[in-house]
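Naming follows writing order (A, B, C and D), and every chain is counted from residue 1.
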């Protein structure tokens, strides 16, 4: 039996005429595609294209749900009431599911985007609103998010499958939380270092924290930021390194537990 | 066996704080609810509420798909490319289907809204784009529209079930087309006259045209405009008149052919 | 010389087909019109109509600036970066100024709307962003807001004229702050009580707090909520009561200091 | 006295996180900047940045007004009623004027964008709506558009200054109209050919049409499409070629007639 690793990326993040231009390349690399659903990014045509390319590459798709804020790209926290947020998440999952159906696939997981991703790390109200949406529309959907976040804790409590996510280019504090972006060294830029670090997490289950101490960490999925310069080249290198070591890229829920 | 008549209305046409305030009342009257899907009107919360009330009243729901134009309420023709329009229709049907699933029902038909409704009467390109969307996402969906429109012709050609719609308050020309709104008498306001006219269509299969001539006309569904003043009172009167005559209100596709 | 009182209301809060329907009536009552600028409400046609009616009634107009959130009607706090907020406020003031110019008037003051109104009571960052926008575009504009808010404090520090606002239907705590809506009696509904209370503030400079104690309070402007049922009737009664007592309704900045 | 040539480009066409990335470079080349106003593109921050860079380079700014259609980038014709369109144009000019004021400049001209640009070539109703907006808000604004279009004809009739525009990379038919994009050779890609052609128009007042015949053509402004690959390099070459021949780049209205 081949061991598997999941690599995910945020995709379909264009809108109409605007695009980041890397969707097609990244879909040749990743095993899981977080597809924007039209609220923070992603018009119907952009979404459909990404989903069709995902199908062609046998990539699992997830709903990358966000705040209704195109101008802010979903990166500005919004104080949505829980019911509003639940309904907004259901709407987005439904819309993506319709397009997935046309493309011959289906949505398998949900990942909050941007400010919503960060808000549901701490906010019980918003985390519960997202979990409620998923339970209501389809409890077979997995939930991807930050390990130990309110979101994943409440999702697990509700019986949903969870996916612990790590960011390949972000440094960790000794306690296992992400180093804030304002800290020196919080974002890694060196491709070799990034690849070596992921390989170590995959093979040894540890990562070196920002202070040099060694942490246990075995995430279920590794996120490549598609909008970083060099993301495609880095992703290719990462995939090659994993494949050379005998790993296969695959979405976690596609692998029998 | 009870004879049935279908009465439909456009619903969930509010957006956030804005509402026409008649959804709940109309859902106690109609048998088919054309639910706005967020492009010309209808935010997720408004849609969900309307769908839940529809379920409570055993009303069949359809996707009322429109152009992406909140400011114009979908009433301004937009020259969308066919593929753009197809994808926009799929997205809207998908979004509504997600909410329908949560509410314990499903979308059963599609009706274009506003300027799109009028455009697909004549435009082969846009009519085909709508039909393509329906065939791609779910060919068991019926299509509601103007009798003899390009939309219904192409839908039938594609093997879709069609629903010929009449407007209860619009006068007809002798050739069976709608009298243009600019013509005197094109819009009926008298409740008794409207009810009598519908009853005659239902029972005799004819309607008096604007010039007094008598036309054969047996539509599959009758539309009440929810935003007309007095729509609720008129709808109640119409329903009573039909029920008194032994008819039951029901969506056409819910009745075995 | 006639003593004056300023009564303001939030107007042009429709969007396209949606409207609250009270603009024309309220513009026959108030002396200051807070005009939505298109971000939380107010499309160009709705704005223009309200501004033209304001001009016909000699009503002073202000820019009612909000978060870019039509779906939430500007009532959801958004974590906009200060520069983003400054630019958004400038854009809105500019847009309204263009329409005002066409209607033969000009924007005289700025009032934040909804969640922005509440945020700038406490948030120095967002309050400063609004003040910066006003200083940059036109320092002759006054600023309307909650007395003692960060907004008005920073505005005064920046040399801007400020307008302390009271809400005619909101109760006060003994310390002069607004009673939270969740508290019993926080929102007044009785027209006679509302009118009597405003008259007392105007004539005696005091108001009875929610606990029966008496507060000194002499606001520069009194806000009528146009979306309350009965707002128009209440506004008329209030105006009559003030006029009977010899007061004239006028915007503060239109009166020589 | 130095002879002048005007070169313009469409700028501020990003939205929030999305950008074409060429604004700063193009603003070092052109003499006139058509600034998006938020309806088809251009959020407040993007607009402000472009206007500030324009000021730094002494570039004249114009309002690039469009249909309210971010998803379609203003490239889909919308059947807006004349009054709606007039109000939308006023709103956009006003918003840009507010930002211009803050940046220490002012809007000097108006150019319709995308589908609106094309629609006002033929549509009297929409062309008149745009002209009405300009006359109402500021009749000192010039109007840039296609030579002999309804827009420029009606603008001239209304006493507005007009600016005949040519596209540097588009071929002409023998009758002086633009070769449709579907025709072979309709869009020029060779930088040398493009530059030579503009130089010939500027120096001799003629251009070779697509069939080899020679046309008289002396436009008031030459448009560089900023979203073409190589636009920046081409623009620099064009500017150098003109400067070498003793021309200075300047907006027409900035030069005494």
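Rule of thumb we're sticking to: a residue touches a chain if its C-beta (ideal position, glycine included) is under 8 Å from a C-beta of that chain, and two chains touch if they have at least 3 such contacts.
A quick note: this is a predicted structure, and the numbers were derived from the prediction, not measured.
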Selected pair, greater C-beta contact count between A-B and A-D: A-B
For subunit A paired with subunit B, centre-to-centre distance based on mean C-alpha positions, whole Å: 40
Averaged-CA centre spacing for the pair subunit D and subunit B, given as whole angstrom: 43
Overlap residues in subunit A, where contacts from two or more other chains coincide: 43, 71-72, 84
Overall pattern in which the protein chains touch one another (line/ring/star/complete/other): complete
Interface residues, subunit D side, partner subunit B - complex: 68-69, 71-72, 76-81, 84, 115
Interfacial residue positions of subunit B with respect to subunit C in the complex: 14-19, 41, 43, 70-73, 75
Touch list for subunit B against partner subunit A, complex: 38, 43-45, 47-48, 83-84, 87-88, 90-99, 101-102, 136-138
